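Same chain, two partners: chain A is paired with chain B first, then with chain C.
Then we have the complex of A and B:
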């Protein structure tokens, strides 16, 4: 889908206190192959509401409130999440069994629905506009972006909050560990891309963006986005080739490839294949050693893309390949979730 | 169980059930209103407290007006528990 969506403000909560830390020795290490988010004190969330929130909800609401507390309200809230309040959902289901479908507390139930993050944001900010949650696992955030693009095509004068959130709950981790998603051996994030083994580091985070069609004061623009499901490396490569032919204008080139590579040797081939379509002098940057991997990790990827375009600085430990480029204006993001769900996003400087 | 002991146990249960992370049992005064001012609980909390009474003390509250009186403060809750508990 070709688009022209301008990103104006960004905010994220993620496992690194200093996400643009240049010294790899100073980035937070995973514990038990888990990179947990560094949470703020959430001063903007009323304490009475905060105490009922599970981590995913806290992170989502906490990352969004600084953006939607601006004087000009947004016209809608569009969130992508694979699991939302899964912890509370499991707690509620366990209560059903434990108390034999008798007296159940409403808190866990209220907090367990998929749309709880967007819903809570709407309630706290008194925003009665478009309020929707996309839950398409590894493409949840991308579908939220596509929704925002479609909304802006229909209502070009509107602004929307778009975000991606997922937490690393014990329930999710245990299930996904059993399905082989995470590495068996303990691994440092410094070595993530050097170990030839299946699985990745588990991660979590929330990234939020204010988007509209106004170019003035924007930090970046999304030129195009494409999603697909496939397990065929060659097909994915062909799709990317078509995506680039359709969306990169003659005379411009991809300066930077923001790769969602996560250290899982079962999916490395997809990234390698996509890299062959780039110019040799394109910079290749990776970020999953900073945040781990999870279904909506590409939202943090987009946050990194915005920061790179804004500051033109890339921490050395994130660079996989760079020749001499110092200015980056066109970023191609490629993310792959569990070797099945793929997304290409073209992000450019203003 | 002594009344003082029951009050402490109830305060601990309220903190756990309502996830009052920053509150300690000593912070909850026996005669301080639980709702509105005081502890600042709301309508969802009232349902959680009714479930708490059912699960922990075998007390079933069917009349909302009665519930409002029982859940006024720690003193009223403990007095009701002492008279009506089945476990």
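Then we have the complex of A and C:
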């Protein structure tokens, strides 16, 4: 099997100030079932621009700039986001209603478009290359990854910034809450996987990656990716079986399952079904109790996969199941968004 | 060789509800932009001109037996064009269910056409409308996926006004990289209080019918519509009717300003140049350009300068925005269909409402309908965020 792409640098902004905290007592707790990002001071963003940015833009640009301010510029910017401009969108909407379609200020409108993060990054980093925004909800980041794979296939000497970003603004919290996506009862991180109720904890974050075709000094490689839409647990399991048959070579095995489990009892069956396809000694690791769940949460998942492969250490509180394995070289990521959008990503050590 | 062919297409716009109607209207120089807006109450109804699709939301719903709650007009327009495209390409239910059939859609408005409902839900003024899952732009493709039981890669792209040009590119890339055997690609957007007020706040909505590339242009008119194309690889054609070849494409960023293009048009220049290179063509091999030509002060001047930079003396060109208005996320796909008409029928359509060239530039678009040899057509789409894309279609 040849790698589809190599990941070199990674950066993330997420609800945990120390994302690799091993002690569950020390991780940030949700407030009102929301895990809000721990934001840095964004010193690389000019203050005048920073003030006008919504949180999604700030986190996306803030997580990407440390990676693309390198001496060698990337050849393109590929972003996955479900809600990028939502906050400004509703701000502008409120203006429309409040001023009865009168003379409005266009600032929020311009920042309301979904491509605003990739656009701002192109502008700030003076990058005139490929620039695109994937917005297919729970597969927005996966489609961005597929895009990066295809760009590199076509232009093997290039490198790209690829990332996933979503914020939890009051407005999108309200809308998702009305759709029944979040838990009714207040819950702590420790209990997330033990309660039998619908809904998850709301979260937000941004994760960015520099990817290219160079093996040397890479931190991880993507071996395969597959996405599907289905509400049928058996079909999803069948698809994973085929994915593993096609992509896991004789003599190698999946030694870590990075599960997107989010405490929503409506999706537990999918994760359980996927776990049955693994060897019993595979380690199972979870992360949504630290970052909550949102459409592009799997981008943070990939960040964790890279860290585990790079450091060969797993924060104890993330482990669901571990027998004796101490070395992890092949990670299977499975994510399920709202019981409909599924992704399998195979990430391996170099 | 990996050549990508268009084997089906569907379109709905202010000048017609089908491929045949749109073609006829272009031949007859019909302008579908009028001071008419009866889709929702707005201060601008009857005041500003719009390119409204001449079919009511209720009728669309009935025509396609859409009984589920929460399906928006944006999605229904997509269903209309999608249906026509798959019929034209004779895709069977088995083809649609296949893991090898990808769907790549684009939209900027998505479910935000329901401006007032979104306002109420986002501000928690109600217990939730039936639309809480319909607002984002992915809702269109999620509906199509469910309606047609699709199992391949499904994606939604949003690069503002160039969205569906990128959906077409992404679909072609999926075929070339073995992620799919056929791709259904396109875009949709409907008129919305949100975009009307947004473009109005930017002072780029024309009070009159738009006049792309004219010295006296006053801005753009918003329109609505949808278009889908079926892309297949040359080796999978099996005697199917082929409309055109998608021979080149390129996406770049102007990297200048969030909502306007740079003076010299680096983004547009680079996207046109890149698309030519990808198609392996020289500038003088392009016979016609379906320009982005929105009718704004900024776009038309910059696009003209970028064309001069690349082509020296640009080939025949015209904007179809004077026929249908600016359909935002649908524009790239609708104009791809129009570009394919140029190739299929060996003719070009006039840039409506043009009188005088921009004084400092001196370029005139095609003014009259004419038959001519068209082997390669370029179609441009530029958007907010500096997103620029160009496509090249060739006669097969």
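To be clear about the criterion, the second predicted complex is superposed on the first by the 347 of 350 C-alpha atoms of A that agree within 3 Å, B and C clash if a C-alpha of one lies under 4 Å from a C-alpha of the other, contacts with A are read in each partner's own complex, and residues count from 1 in each chain.
Throughout what follows, a residue touches a chain if its C-beta (ideal position, glycine included) is under 8 Å from a C-beta of that chain, and two chains touch if they have at least 3 such contacts.
All values reported here derive from a predicted model rather than from experimental measurement.
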{"item": "Which of chain B and chain C A:110 touches, first, second, both or neither", "value": "both"}
{"item": "Partner chain(s) touched by A:319 [first = chain B, second = chain C, both, neither]", "value": "neither"}
{"item": "Touched partner set for A:100, first chain B, second chain C, both or neither", "value": "second"}
{"item": "Touched partner set for A:195, first chain B, second chain C, both or neither", "value": "neither"}
{"item": "Which superposed partner A:149 touches (first chain B, second chain C, both, neither)", "value": "second"}
{"item": "Contacts of A:136 with chain B and chain C, given as first, second, both or neither", "value": "second"}
{"item": "When both partners are placed on the shared chain, which of chain B and chain C touches more of chain A", "value": "C"}
{"item": "Shared chain A surface residues [contacts with chain B and with chain C]", "value": "102-106, 110"}
{"item": "Chain A partner contacts - residues on chain C that touch it in the complex", "value": "42-44, 99, 108, 112, 115-116, 118-119, 121-124, 127-128, 132-133, 135-138, 141-142, 145-146, 150-151, 153-160, 166, 170, 173-174, 176-177, 179, 193-194, 197-202, 251-259, 266-267, 270, 383-387"}
{"item": "Chain A - residues contacting chain B, complex", "value": "47-48, 51-52, 99, 102-107, 110"}
{"item": "Residue numbers on chain A that touch chain C, as the complex places them", "value": "77, 82-83, 86, 89-90, 92-97, 100-106, 109-116, 118-120, 122-123, 125-137, 139-140, 143, 146-147, 149-151, 153-154, 171-172, 174-176, 178-179, 227-230, 340"}
{"item": "In the complex with chain A, residue positions of chain B that touch it", "value": "17-22, 40, 42, 44, 47-48, 50-51, 54-55"}
